């Protein structure tokens, strides 16, 4: 049952990702990414992370991706041209990617046993209150520091996007 | 030991630095900077003279030592000291500095502050090399000695700031710096196992604990030392930098660039720390030395540029020292160290003379000279004296070193010793041929056109001390050798000293039986 | 049937690799940026999977923070992209190569 | 130590003269310069005379040690002077002849610029020469040895504006250095095996070991011979001496005839203990001597420059001395050295007077008939010519005769070498009389020379044409008004030397001629070891009692006065023969030489060009050396391999850098590609961990 | 509690204050006063960091941050560097560039991120700190908005930086997977008992990729030359130094703090990275004409030298790495301060040829530059030498002969290109080339350069006190007690070695 759901949404993820890769218009790629994110949200649910699943949909596919589409529209980005910019990207990059994928997959599969299975129920579901307890107690400082990060982002966005007279 | 004896080396070392800093701050007005540099170098020289006058000639260890902790970990100590080997080299460095200042008095007329600051820094670096007994401190000065030299070559080359000057500066720097990097690996490897940089302690540890390093490791470490020093000397195939540097460097720098640092280091560290390994390479070094003697002389024979000629002559001349060192005989080592002294003085004097000529005629090309003797007889006289010292005429200083090194080289290997002695013929040939072309014969158009200006007072002041020293050192060599002998004895193959060195100078040496 | 954790990891590895590949292939700067988001998402999946495995909340919180960071990055990144577009009038990464060697 | 003879003063005084004149001379008036020079040469002469008077009271050898010169803990050489009979003879010759030549120079050089320089150099020479003679060890001798070379270099190149003069000076120095090379190696061997360079210590060590024969000693001896051939201008290193005639004539007289060039002979005699143990070395010396004597004499036949004739004759006479050394007749060698110093100095000085008279001309072909203009010179020269030719009772006769007799008897010599010597004597006589006739007889040909280019190849052509150029005679006579006798300061030394040339030989009239061979006996303590100090005595004891010593063993006694007299007769005949031949060719039938030259052109050319030896040396040694240096070592090795190697290394590194820089294509995607491959690589490495390979444990 | 993050708090408050004040100032008004204010804040932060040294080592905020000698060492280093960079920027960031206020605020905030990186012992906080510092530098790199190069630098840096961050994050995730925690001390404790060590091995590789990018170690260095060239020089002065030092601190924290038990696995990675970085950086720099690109390559090489220290798994290694970082930032910030003045904010003097004869125009500047170059070469009595010496000494004590030889030969090769610049400074300007005037050096810049130069000199001549601190910091990782409770035993520790 879980396995089937996993495979369905896993396949959806991969398909979305591949679509991102293959689509030539950025808006299509962005939309494919939303598919991936939403599918991931389902997988999060499957892993008992319901708050994250919600956040994934709301923050990621909701807010961040909107920002992306907005910029795509703003800059009126068209289809990408197939320029030849770099041989290295193919000659060096692809073997790299292949090796990366192969190696990681091999590693993960080789330790299938010790990692065990994902099982739901039995009180393993993390409640939001558990989450907040850790977030606002143990990780209070990182949380607060995030504000600096956001401040910088605002500052930077303003400074960079502001037109010079 | 008076209190001054403990701090004298520090004073010697720091005075030029102080001078350099002040020189950098002085206004460029009149000859102010020059005078300041002259005062400082003279003062330093005076300080160095404290050493031979207070030296205990019956004592073979280090004297005037100062040994303070500098850095705990890594264990670097501010450890200075002189023994018979280094003492005269320190005095020599002190002696050459004022002469360098006098030689640059007029030749350097722009960026004077930079010149003299760097000049004085260079002096400290060289003094430091001779004084340091901690390998790290030593290495520091060793590397430091490259910098002012390189900058001065680049800044004050023959055609200041030209591409050639830069190239020569970079060439010089890289030639010495890259082997020095490997040398550092060697030092650090020693430290890694022994935990000390101190020369004396290292020496004790290495000799008492042969299992500290595998033979292969010792061999490699000793090679890293050897190559770094050999480049600096320079020993035969590593001399590629010398010609360009001689050509480009200002006189005061060319005077000190070759020879003494590398040769001293060979004796002190290669022989001192690696008695077995250095003996293993001895026959190769002797071979290279002999090749260097002949090669340098032959190539000098066909040079058209005065300075380049001298560069190759220097290669040839310094190879006598290498030859002497690697015979491991007392005679050879004494001769080698003595020859360092005399070669520095005579070579320096010749460079000053070249500088004098360049100031008047603006060229180093031999072909453009001719018949100078008639116009400037005093210049010619001093020139001839210097040349004669350089080609090893007895009772001038060059002979003593040549004789001792060659005789022990000959005792080590008849073939190589004999071949090395051929250099005596060739040196006379290239030097006298040069003299002939420059000073004799009819006056060349260049000489004829230029106004007659024999040596000025300042030039006399720079040259006469050297000329006088050439003679004095040629006649009273035991005065120098008695200290040197004590310094190198432990490094040689000779058995422990059986009679006090004082006997050497008493004149009526009573050990007539010889052995 | 339970899903082995390793499968989640493999899935994330696949997504991550696709993200890297997309970075290599895509010409539009915005799409390139999107592929980075894909990589981050892949990592997030790993976090969640491990959080599940270890029964640890901190893994999930890490994801939460990654989202925040991603948001911040997006803001800045898009601002930079706009700046690039202003000066270069293109979004093609292949044409953003004034500086080389 | 001995009571104060102060031997050191003998060399030091001329040095003081040198320093005074050298440093201040250019500011002093000429009179003062010459006063200083003469004073500081006369003083040592007087000192030597003083020594001579005190000589019989001395215990010999008298050694004076001063401070150490070179001293390490395993070796030392001191400033030490020694006096024995040999030294005394040499001192007398050097200071005596030297002083005379100084006097002569005052007149000869009176009008030269650099007058002070000349005297300074002369004094310097005296200093070194006296050091050489007085030295108690090899090293100090080497000081003098090199020093006289230096002085010779300076004096040959005295006219330094003349290219040829400077070149000749340099040639002299460098060729001498080749000899010094041998001397140095010999010293190295001595240090290695004897541990000392002191003459007496070396001699005593040899004396203590009668079993030492040949081998090492031969090597040392041969190396010393190399040194001696350089200094004494013997084959193969004689080439510098003819060129050295570029120097002022007094220099030629003092350095290149009387004193310096005999240093080689002196050295061989001084170190004869070594030579005595090496028959091979002695044979080599004898052969070199004989060959040089003969060879140089033949060259002398055709030389036209008056000084060059004398130069070759010097070489030839030095060959005699070598021949004597080779025959272990050391006292004979020294005897000839002394007489030669007298008559050769005289010859040169007289030649100088001639040259002075004709205004600097040195070519004999343009001289002639000068006896009328410069009679004193003519007469003194005549004495010298007879002396050198070996006519009794002139000095040369006795010394030459002694040598020839000794050679005949010696196991190292023998009739063959004697015959060579005899022939040489005839040739010597011939070319000396040729010179005599060409210079002083016939007519003055100076004018012709100024009008006609001299034929280079056939010198005697001019003589042959003399009869047809009578028309010029008037002009010649007009010109001859400039010819004048030299000033008195030049003539006095000439006369004094002439007296010595005549009588000098009487000090050593051999037994066979009824004399007592006083000279030989005087030197015996040194050359044979009779009555010598312990060390020398031991040598002679060893020589007498030890293992068979094939050479120079028992002092040869005059075995057969009859043979000796026959030999003497032969040499007198040889001298006469030479005289007659010269008389025929250059006085009675002056057209003959040209004809003979024409008939054997090849031989004539060979001899006239001095057997092309200079050219052969140039072609075989100097040229190849220069080519090697310029093209192989400098062009090929230094700039090509060493410089090129550096450049290749630098270029290669930079090239590699340029290649690596290509990674930086400027494209983000390719950068990402590099990142990806790097990431994969690191992952792989981490997974397969291979640290063991990197750990180059050096334990 | 607050004491443990006092410098960060000071800087954050100052940054916020600037953001508040900046809009209130008239648009055309000079923002120099803001610059001075940020300088003051930085000095305060420096002082606060120094004061932290007196605190007993310990953690705060539920074990998220830790103050110890190590963190203080890097705090001081980063604050000092930022201080010099700020001083150099006050006059170089021209009034006509707007966003001056933002510039200073961003520097302050970025510094907060870096400081947090060095004191964080929770990977989450490390990550956030890293992001703060990175994002602020991305923005700063693109600060010359009008030029194509600057924004190109920003986009390259940004995209590749985020790319690398993803790897870093992945590494953290796998670490979490292997140990179930993201606390450094806990990781170290849990790692020996993990059932899936292979995850940890993978994790270290991924983390190394991410951080290797930040410190521009080859082959993750590709961004460096382009970004250095495009970014404004005052920014490069900062970003080539402080963030790198912080990243090195993180590397040390993570690898020595969290992964000491699998040291066999990672030291060879560092070996390779070090060797490749040194060689590639130096070789590629040989033919560079652009000064900034050359220094970029040189910084790659220097990262390589620094990584050498990592291979020596010893207190000396850590101390050497820390000390090297210190010397490196001192000389690099100095030379970029000079360049930002000589080259100008818009980089109109960029090539080595342009620097010909600088010594004849402004001897002091070129003297300083020469001094920094000498230090970069590694001439004795400069920090650069001592750092290099110490690093290779540490490596050799662990028998890393190969690496030491590679490294020191490299330093020889490196001398070539530094010397090219050095001799150019002291050569006569090329005939006919227009001599561009260098504006008079302001007192502020002079002070900045003086600070950097004296630091470089002191580190070479009397390195003892800073070395002591570095060694104390290093002993944090090797203390026999648990790392968190590292106490005064640190001093005793170094004596033992």
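Before moving on, here are some points about what is shown:
Per-chain residue numbering starts at 1, and chain names A, B, C, D and E are given in the order in which the chains are listed.
FYI, a contact is a pair of C-beta atoms (placed from the backbone, for glycine too) under 8 Å apart; a residue touches a chain by one contact, two chains touch by 3 or more.
Quick caveat: nothing in here was measured; it's all calculated off a predicted structure.
Among all pairs of chains, A-C has the largest number of C-beta pairs in contact. Averaging Cα coordinates per chain and for the whole protein, the chain whose average falls nearest the overall one is B. The most distant chain from subunit E, with centres taken as the mean of CA atoms, is D. Among the other chains, D has the CA centre that is most remote from the centre of subunit A. Look at where the CA atoms of subunit B average out and do the same for subunit C: the two points lie 65 Å apart. Centroid to centroid, with C-alpha atoms defining each point, subunit A and subunit E lie 30 Å apart. Distance between chain centres (mean CA atoms), subunit C to subunit E: 26 Å. Note on chain placement: the centre of subunit B and the centre of subunit E lie 42 Å apart, centres being C-alpha means.
Multi-chain contact residues, meaning those touching two or more other chains, occur in subunit E at positions 124, 128, 131, 135, 138-139, 142, 145-146, 154-156, 159, 163, 177, 198, 202, 225-226, 399, 401, 413, 416. For subunit A, the set of residues touching two or more other chains reads 85-86, 89-90, 93-94, 96-97, 100, 104, 107, 111, 115, 138-139, 142, 146, 149, 152-153, 156, 158, 160. Across the assembly, subunit D contributes 650, 661, 663-669, 672-679, 681, 683, 687, 698-699 as residues in contact with two or more other chains.
If you check each pair of chains against the touch rule, the ones that pass are A-C, A-D, A-E, B-D, B-E, C-D, C-E, D-E. Those residues of subunit E that touch subunit B in the complex are listed here as 316, 357, 359-360, 363, 370, 374, 377-381, 385, 389-390, 392-393, 396-397, 399, 401, 404-405, 408-409, 411-413, 415-416, 419-420, 422-424, 426-428, 463-464, 467-468, 471, 494-495, 497. Of all the residues in subunit A, the ones that touch subunit C in their complex are 1-4, 6, 10, 13-14, 17-18, 20-21, 26, 29-30, 33, 36-37, 40, 43-44, 46-49, 51-52, 55-56, 59-60, 63-64, 67-68, 71-72, 74-75, 77, 80-86, 89-90, 93-94, 96-97, 100-101, 104-105, 108-109, 111-112, 115-119, 124, 126, 130-131, 133-135, 138-139, 142, 146, 149-150, 152-154, 156-158, 160-161, 163.
Interface residues of subunit C, counted against subunit A in their complex, comprise 1-11, 13-22, 24-28, 30-31, 33-35, 37-38, 41, 44-45, 48-49, 51-53, 55, 57-58, 60-61, 63-65, 67-76, 78-83, 85-86, 91-95, 97.
Within the complex, the subunit D residues that touch subunit E are 650, 653-654, 656-658, 660-661, 663-664, 666, 668, 671-672, 674-675, 677-679, 681-683, 685-687, 689-691, 694-699. Interface residues of subunit B, counted against subunit E in their complex, comprise 70-74, 111, 114, 136, 139-144, 146-147, 150-151, 154-155, 160-163, 165-166, 169-170, 173-174, 177-182, 184-185, 188-189, 191-192.
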